[in-house]
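Two complexes are shown next, each including subunit A; its partner changes from subunit B in the first to subunit C in the second.
Showing the complex of A and B:
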């Protein structure tokens, strides 16, 4: 039988508030274990949580970017369960009244555009981190992460395959990076994604039994896990079996999902409103101020790059994929450089160097100012494109100004006709054989002679002029 | 000069210390000696901080010598219910599960008292985690009523109440979730107030039921209550539920004038169920106020009958979550020799809590459980708002509501401990005040035939502690008798 996959995603994002969501502790990920802790996030007796206003603002930013309705009135609830990574043995979260709800995000997958519904985005606190490697059979708990601001974003079951899931995660991450609300680092756990997967015979409407795939460390891992899970469920049903509702892990080495916890042992979380916190009220004025503070979002920027700079959809996509890249590009263009040339030098030439040296654009010695200065040297004829590659490499390594490199290495392009002419005469005199061949009608030899001319000028001759002048002198000396 | 400073009120001590008629150290020594004398019988203290108190008193004296303004509680000896987080000593809520636990911080109320020049004498006994009405649920000891050592001092702040009645402290601090300040104040014959919810920051008060808990003082007279409130009330950024309202000078309410004041007597409280002797004492007090120009009106609080049920659903639900953190992982008692995390939790909690605390955690877990939430917790919240509305309506017709604090005088030790439901009924007149979030004060209105104190409760609109204090002060000035020193500690 042919099946259609039905997938909903749950993404947990650590918001990059400077302090935790209910206390003043730092959220620095790299601090020594249990150094960013206080009585509040350790759940000591007698403490009370106080909500971080910035956490609410950042959540609303995400909600607005996801086209959600922002609740005028929402509240925090206690989610009760026992686990050593939970200081109070309840997590402060949101149950029936999430801060943001009923939104959507548009994604591109398999060449077409598609709208994915966002059910809700709610605020909560992160848990601590348990480690079982401290020896002596003991486990340790690092509470640095306990109380870090977490936003849970839940989609409708609108996703129809692994590619769409990948596209959704990519688009969402891009949005979060543009909003500058999270570093979205999956390895450090600041972005965690889970997929609820079921299948149904193509053309039917009712939902099949779903499994939940958790603890996957990368987007491509999730894509593979979903592909595997769809196939596993289809085979199971085809063979007359039944899908069991359960949580499944992903074994990246073996490329399989495996059963972790059956739903029967699921918790009763006994949610109830947290009496220690007052309702979160986001009035129209506050929402308005947050909306005004939103930066330009990726889709809008992509469209503007196409129409404003005359870039192809592909180039606009590449340049806006990362906010840093798009900002860099615009800083270059703002200095008066031709948009298409700037796009090419950034996304091809500089990007190749970055990839080769595994370097971040923002850490590169080739700043936007320097690249713009180099492009201007090409535009005003000071250097040729070929020489520019040499200059770029030098800049990339030394961080020197392009002008200084050009002067230091004497790379200024020769655009003086008489200088090129005398070099051409020397080349003709030194290569009687090839000249004779050319004159006998072998046009191919002309390329060789141009090469000789460039060599004689150490590559600095303006290439177009070199062509014209050589032809002229060959004719004159015939 | 005979060192009987322990008999004095806080304002008398404060005035004398400021006027250099006595040193804070002398006052502290007087109280420490008194504790030495009587606490063996009363058992109010679980921990006496004798040396630390002397040092604190000396520091107050040194500042006075330098001409500094030490504050409105200069040299006043204060005792703290063991539910308050203090850097000094331990903070155990009289539970085995927190035995030896040392808090890394002082709570806001404690900090404010200290900044006003108070001298802390130590920690006072309580029902474990403030759950009880007799202080018999303490894992440490049973506190005795200074009027009759065979009787309970009420609870859960029984140690705080008994320490005032026995003249061991000038002021003590308690917490009141369903009557835990007012009922023991009535049992031992002192003044105790539960301010409006949000008046005093709860930061540093170990939570029992967060939407009901409030901190309040026990004092020997109404003036001391006003002074203590002046020190402790007001917004605290560490407690989101603390009210962002200006705090009046409560000592300005100490005027013996109630002319034109309307006293509401809710008919649901004055039924046949009320002990006749207790009713007589309350009516005597009402007459004193009437003679001063107050008018009596009958009011109705129609949802009173549901208060106990609503209370025991909400407070247990909140407690089940609040107490979840005591699990043996990070601090406090940890059951030895456990093999799994599950066993760690179960054994730690089973061994660490007393039976009443376990009972309430189980009740609270049950009422929040899937399938029961709507029928219990949600419905209780709805009825709670009806109870709140009862009071809003009543205060359209009157300025204060007067009721007995407790249906009976203090009962015998052991009398009700076998029957939790009967014990819960001790709070029948006090819990509506917590559910409505309004302020309520209890003060003595004489002795019943058995020689035990009777208490009258005065309630007012939210944040109208001023009217309560004015009525209480008028009654105190005009009632025409003194309670005197309790018989068992004379």
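Showing the complex of A and C:
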């Protein structure tokens, strides 16, 4: 039978507040185990959590960027369960009145645009980290992460395949990075995604039984896990079996999902309002101030790059994928460089060097000012595009100004006709064979001769002039 | 009308990770039933047009600024741990089902 997948995503993102959400402990990820802890995040009796204002503001920023309604009045609730990652046996979260609800995000997948509904985004605390590699059959618990600001973003079951799920995560991460509310580092766990997956016969409306896939370390891993899970469920049903509602993990090495725990009779978390924390009221004025503080968001910037700089949708997408890249690009263009040329040098040439040397753009010695200065040298004819690659590499390594490199290495382009002409005569004299071939009609040989001319001028001849002059001299000497 | 059955008591005890003897279970069937019966009494009140009370405190927006304060020394943090290796709180091996 033909099936249609129905997928909803839950993303937990650690917001980059300096201190934890309910106490003043640092959120530094790299601190030694159990050194960023206090009576509040250790869950000692008698303590009083106080909410971090910045955590609320960041949550509202995300909510607004996801086109959510911001709750005028919301509260914190206790979610009760026993697990060693929470010493007080409940997690402070939000139940029926989340800070943000009923939004959407537009994604592009399979070449078309699609709107994914956002059910809610609510504020909560992260839990402690369990380590299983301790000797002696014990598990170790590190409370540094316990109490770190966490925002849980839940979508509607609008996602129809692994590719859409990947596109959603990519779009969401980009948005969060633009808002500068999280580093979204999956390896350090600051962004964690789970997928609720079910399938139903194509064309039907009711939902099938879902499984929840979690603990996947990368977006591509989630994409593969979803693909696997869809196929597994389809095979199961085709063979007359039934999907069991359960949590499944992802084994990246074997490329399979595996059962972690049956969800018997759903969890009973017995939520109730946390009496230690007072309600959060976000009035119109506060929401307005937060809305005004929002930076330009990726989709708007992409559209502006296309219309304002005349870039292709592809180039605009590449340049705006990371906020740092987009900022860099605009800094270059602002200096009067041609937008298309700047796009090409940044996203192709410089990017290739960055990738090769595993370097971040912001750490590169090729600053926006230096790249702009180099592009100007190309535009005013001082150097050719070919020579510019050499200059770029030098700048990348040495951090020198492009003008200094050009002077030092004597790379100024030869635009002097007589100099190119004499070089052309030498090339013709030295290559009688190819010249004869060219004259007998083999146009292809011309390319070889131009190459020889460029070589004779050490690549410094103005390429267009080299072409013209060589043709002219070939004709004259026929 | 029996509001609470023994099965309900056992379920709630299970959630709280409590082991109860038979006599206590019987006692709780009665006590929890009484509590729910009182709720029925409250339900007799006409609450039309009355805003639900979502929280008992009248205050709102008590915040702290996002500033880092000193944490406990690790030694102090681990002082009351039943078992520790000096770095971690040690607990009996847990199966990582990764609840949250």
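Just so it is clear, the second predicted complex is superposed on the first by the 425 of 478 C-alpha atoms of A that agree within 3 Å, B and C clash if a C-alpha of one lies under 4 Å from a C-alpha of the other, contacts with A are read in each partner's own complex, and residues count from 1 in each chain.
Heads up, the rule we're going with is that a residue touches a chain if its C-beta (ideal position, glycine included) is under 8 Å from a C-beta of that chain, and two chains touch if they have at least 3 such contacts.
Not measured: the values here are computed from a predicted model.
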Of subunit C and subunit B, partner touching more subunit A residues: C
Touched partner set for A:90, first subunit B, second subunit C, both or neither: first
Which superposed partner A:141 touches (first subunit B, second subunit C, both, neither): both
Subunit B versus subunit C as contact partner of A:417, first or second or both or neither: neither
Touched partner set for A:278, first subunit B, second subunit C, both or neither: both
Subunit B versus subunit C as contact partner of A:170, first or second or both or neither: neither
Subunit B versus subunit C as contact partner of A:78, first or second or both or neither: first
Which of subunit B and subunit C A:46 touches, first, second, both or neither: first
Touching partner for A:209 - first (subunit B), second (subunit C), both, neither: neither
Set intersection of subunit A contacts, subunit C complex versus subunit B complex: 39, 42, 50-51, 80, 82-84, 141, 268, 270, 275, 277-278
Subunit C-facing residues of subunit A, complex: 12, 17-19, 23-26, 32-39, 42, 50-56, 73, 75, 80-85, 91, 97, 127, 130-132, 134, 136-143, 214-215, 247, 260-261, 268, 270, 273, 275, 277-281
Touch list for subunit C against partner subunit A, complex: 15, 17, 54-57, 59-72, 74, 77-78, 83, 85, 87-94, 96-100
Interface residues, subunit B side, partner subunit A - complex: 84-85, 91, 93, 98, 101, 103-105, 107, 202-207, 209-211, 237-241, 317-318, 320-321, 324-327, 329-331, 341, 345, 365, 368-370, 373, 377
Contacting residues of subunit A [partner subunit B, same complex]: 39, 42-51, 78, 80, 82-84, 87-90, 141, 268, 270-272, 275-278
